[in-house]
Structure formats: structure tokens, C-alpha cells
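Look for chain A in each of the two complexes below; its partner is chain B in the first and chain C in the second.
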Partner chain A sequence: MPDGPLHRIRIKFPGDLEYIPAVRKYVSEILIVNRFTPKFAFRTEIIVDEICNNAVTYGCVSGDSSVEIACLIYEDRIEFQVKDAGGLKEDIARLREAVEAEVSAEKKTAGKPSAAGLGLEIVRLLSEEIDMEVDDNNLTSIRVVRRKEDSSKTGAAR
Partner chain B sequence: MAKVEIEFTPSKESPEVAILTFSGELDSGSIAQIGRSFDLMLEGNYLFAVADMARVTLISSAALGELMGCRTRLLERGGDLVFAGLGIGIREKLTAMDANKVFKFFSDVRSAMNAYNWEYHDRSEGLELSFPSLLKFVPPVRQFASRIARQKGYGNRDSFRIETIVDEICNNAVEHGVEADGGDIDLNMKIDRKKIEIKVSNTSDPDKIDSLKEISKSLFVPQMLTEESKRGRGLALVKMLSNDFEIEYSDIGTCVHVTKLREE
Partner chain C sequence: MESQIELQYEDVQGKSNAKMVRFIGDLDATNVETVIEKTFNLLNEGFVNIVADFEKLRYVNSTGLGILLHFSKSAKEKGGSFKIANVNENVYEIIEIIGATSLLEIYDELDEAVESLG
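Up next, the complex of A and B:
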């Protein structure tokens, strides 16, 4: 069976937190019309909210910057790619640290500056894959994969 | 008594706006300090202020009263004071006190500045959506457009009309365009304080383009519309609800431009 996406949607919105509720609701409704469960859609909304909040807060430095989300809808999962114009080097470094950090007790208790506030812990909890790319112009891109519960190999409830 | 700090900085983006960053507890002991900050602001001829409350842990009713007084002083001169970055707990308490009917609340300073530029510099903001050419995607798209209109302060009636316009032109784009795999539908929205411009473009299905041309021709030549005519009612509705309406055909696709002025 081909593993290509069934559908692809794209949203580009101004770098302003006030737009995020409408964007996350849109993604949720798109999932509902594609027969994902309300629970899956709601939890995906949380992911969209967190990664868009990060993109706007840390990645939209100038007043006219924008955030772009691409969603690939598969039979068994959804993949997001969120791009922003790139923020300050220290914010990108914190973001990278948060994305690459392992959720382990040692790390949490090691007293390292945590990624608190980035909300990526909850994204990690609700998704199967999360990674980031930063190009030479600081354009930051976060990719998140979330699978349907019944398609998860581990069978863990998400 | 917890120490209160108030830092004053002109906005980099709009130097006529002052950002007042408060930290600590705003209680009755901080009233004089708040008043002095606004005195300094007015001496510097700043009429608009964004109070950044992200680092505030308490706002007492006395301090809130002082801030209302400061806002009145700005309003009398044609300015305003808004709050940004309120914590959830404080925001809830202020809302319970109906302070949200006096002050505008924004998520952060940037949102407040964007709202200022929108309101006083007529800045427009743009959004783009791209979605598969399938009818099931249209309801989320039209609801998104309506929510954005509401979010930007458009009234219920305007928002509903915008939703209707988006619904009709997106439905048409699906009906007369090539199906999902052949091409996506692009929706661009440009919104400002006075109007919203909507542009929907798609890849036309060569077999359906002639029927669409017929329908759209009848819109601009009313005598071609008959009472029995069942086609083109959607576009007629869009034309009726909008202030400017135009359809462009090209070899690759169809593009519908609609402008809807804000009425409320």
C-alpha cells in the first residue's frame, strides 16, 4: 500500500499569538472531517498550540514576520512542519536543546536549565517524532509526527 | 511590602507608544509610583501605553483604580492604555471585576503593538490557506475565515457574511476545479480595520470551465438570469454580499477576488 499522504494542507499566518486559537481549531476541524477521532483531534490541537506559540514567541522577531504550517494527513498519522523566520541565537539553542533532550529523570534532576515554557515536553508526550532544522538564515523548522492510537506499535495510549 | 518596578521604554516599532513593564505586586503602596510613571509618560508626549504585566504577581483593586485613572488621562488626550501578558490567575480576577470591559487584554506586547498598528496605522494582515479540492474541507475553511474576522473585531453579521462568501467561492472552486490530486485551492485573506479582501484560486477543470463562464457572465448581465435558472445562485449571493467582486480566468486556473467592507 502506498504510504504517501492522503491530503496536504498549508496555513500561513502573521506572527501574532492572537491568531493561534483560530489556527489550532482549523487543524482540529480538518482532522475531524478526515475521520480522526475527536480525542485525537483535540490532542493534536494541543500540539499545534504549543509549537505555534513557540514559533510566534521565539521565531517572529520583526513585526511583519509570519509562521507557516504544513500538515500532511496520512491514513494512520498526521505530520506537521512549522516554519518561522527564526529568532535569536540563544532561543534557537534553547529550542534545539528542548527538542533533542531526552525525557529522563537524570536530565530533569541534573539541574540543567530546562526548556520550561517551551511546551515541548507536552508535544513530545503526545507525539511519536519531533525534530528540528535551522538553515543558514536562521529559518527554523519543527517537524512533529503523531500517529493514531490504534496504529501505534507500542500500543501506548496517547 | 513587595517592591514594584516600573520600567519605561518607547516601542522600537512605533516610537509614539510607551511600553511600561511592571514587575512585582501592584498593591495600594504602588499607587504613587504608578501615577508618577504616567506623569513622566505624558511629559514625554506619549499618549499610548502598553502595560506589560507578564512579571506582575498581584493587582489590587486600589492599583487597578489608579490604572483606570491613568487610562482616563490618556483617553482625554486621544490615547489609550492596554494590558499585555497578564497571567491566567490575574486575568481571571480582572475579568471577574469586569476590568476587561475597560482595558483591552493582549497575550503579549507584540500582539498589543500589532493591534495598535492595525487600529491607528491601518495596517493590514494577511493569511494564506491551501487545501485539497474536496468539499469536505470547505466547512473548516469557512469557519476559519469567520473566526479570524471575529478575532479582528468584526461584528457577528459581518463575520457571518464573510463565512458565507468564503463558503460559496470555495464550493465553486471545488465544483469547477480539478479534483483533489490535480491541484489545491489557495485562499488568501487580507484583512484590515475597514475591509477584508479574499482571493480564491484553483486549477480549472477544462471540461467545466465553460459552464462557469456562462454562470459568471449571467451575473454581470442580469437579463441573462431567469427565474428558472438554478445555476449561479451562489455567485449571485456572493456578489450581493460583497462590495467588489471579480472573476479572472487563465489557462491554468480561475481566481475569484472579493472585497467586503466592514459594516459594523
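Up next, the complex of A and C:
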């Protein structure tokens, strides 16, 4: 049986945080409809939220910029690619550091209610693969793969 | 288009400086400002002990977690506390994977959280 995606979804939205809840809930609903578990859908909703938040906050410096998210839904996994409109060099450097390095919650939240690194830390812990590319125009693309069989990955049981 | 969050308040019997706050809905980057404003209003009015009931909090992201840590720190600085109870499994998991369970005061039941106020 070929390992092609069951669905391909492409969503483009204005670089404004207000659009993200609808996007993340839409992706979550699609997963539920495709018989992924509610827990998988919830964790995926978090991933979509965090990477879109980063894209809007740090990758949409001009007023008319937008974010594009492409989702490939397979039987056993979901792959995302989130592209923003280009950010500042220092933000991209911080983003790369957050994608590549592990940081503690305490360190990232110290003195600040929110930090991009904390969101990406969550994404990394909930996914199997995360990588980023930046082109010559500072357009940033983050790719995330999340597989079905990862319930033991975080060790979070309660 | 912001996410829906509703905060409901209730007095805590015998504790004039405490309030119980029910969080209902999703806590994310689109509504943290509202939640910060309302919670700091309580702290500034002298309700320095806050018990947050998360039974109906469906969702929280890193921005939301950041402000919970902020509330905890601010309440302590005012001589009080910010306690959380009734956390659902999904939300607890997010708190746990960032290692914030040791930074927040989390209780299984609302009664336990209220009793811990002393």
C-alpha cells in the first residue's frame, strides 16, 4: 500500500494572532475526523498553535504579511510546514537556537511571562522531528513531524 | 476572533483575602491580556490568595502557562498564593512537560487547595 498522504491542507492567514485559534482547531478537527485519537489531536493542536504563534510574533514584521501552513496527513503521522513572511535576523537566530537547543522552563520563563523558546520546547517534546530553513530573504520555514505511536515519549501520565 | 475564556468568581468562606476563580474555555495568546488584567485587579484589591479551578479549562499554550507562573510569583510577592485545582489530563500534561509542576501549586481537588490556605 502506498504511503501517500490521506489529505493535503494548505491554510494561509494574515499575520495576526487572532486567526490562530481557528486554524489550530480546524487541524485538530480534521485529525478527529480521520480517526486520530483526541489526545493526538490535542497535542497536535498545541504544536500548530506554538509554531503559528512564533511565525506571527517573530516572522511577520510588516503589517500586511501572512503565514502559510501546509499539513500532510498520513495514516500514521502528520507533517507540517509553517512559512512566515520573514523576520529580523536576531529573531531568526533566537528561533534557530530554540529549535536546536534544549532549554528549561524555569530558564525560559524567568522574569518573563512568555518566551518563544518555551513554545518550541513544547513542540520538540511533542514531535519526532523539527527543523527549520531560512532563505536569503529571511523567509523562515519550520517543519514538524508527529507520529501516532508516541504516547510514551513525554512520560506524562496522570 | 479571540479564543473564548470566561472567568467566574466565588468567595472563599472564612477567607476574606481569598477568591476562587473558575477558568472556562481556552487560555492562549489571544486572551492572556484580559486574564492578566482581571487577575491583577483581584490581587490589587487585596485578594492575594487565589484558587484557580481548571475543571473547565480545555486548553492552555505556552503563553498561558507563562502567565500562570507570573500569577504565582506575583501572589507570593504580595504575601499570598496562586493555587490550581481540578486540572484536566491534557492541560496537566502540558504543564508537566515544561517542568512547571514544581513551580506551580497544583491540587487534585478544589477542597484540598482551599484547605491549604490555612
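Brief remarks follow.
Following the convention adopted for this analysis, the second predicted complex is superposed on the first by the 132 of 158 C-alpha atoms of A that agree within 3 Å, B and C clash if a C-alpha of one lies under 4 Å from a C-alpha of the other, contacts with A are read in each partner's own complex, and residues count from 1 in each chain.
One rule holds in what follows: a contact is a pair of C-beta atoms (placed from the backbone, for glycine too) under 8 Å apart; a residue touches a chain by one contact, two chains touch by 3 or more.
What you are looking at is a predicted structure, and each value in this text was computed from that prediction instead of being measured.
Within the superposed three-chain model, A:Ile11 lies in touch with chain B and out of touch with chain C [touch as defined at top].
In the superposition on chain A, A:Tyr19 makes contact with both chain B and chain C. Judged by the touch definition given at the top, the superposed model places A:Val33 against chain B, while chain C stays out of reach.
When the shared chain is aligned, chain C comes close enough to touch A:Leu125, but chain B does not. Of the two partner chains placed by superposition, only chain B is touched by A:Gly63; chain C is not.
Looking at the shared chain after the overlay, A:Asn137 reaches neither chain B nor chain C.
In the superposition on chain A, the residues of chain A contacting both chain B and chain C are 17-19, 21-22. In the complex of the two chains, the chain C residues touching chain A come out as 1-3, 26, 28-30, 32, 36, 59, 61-63, 65-67, 69-70, 89-90, 92-94, 96-100, 103. Every residue of chain A that touches chain B in the complex is listed here, in rising order: 7-19, 21-23, 25-26, 29-30, 33-34, 56-57, 60, 63, 66. Residues 17-22, 39, 42-43, 45-46, 49-50, 53, 104-106, 109, 112-115, 118-119, 121-122, 125-126, 154, 156, 158 of chain A are the ones that touch chain C when the two sit in their complex. Interface residues of chain B, counted against chain A in their complex, comprise 13, 106-108, 110-111, 113-115, 117, 125-132, 134, 136-137, 139-141, 143-144, 147-148, 151, 180, 184.
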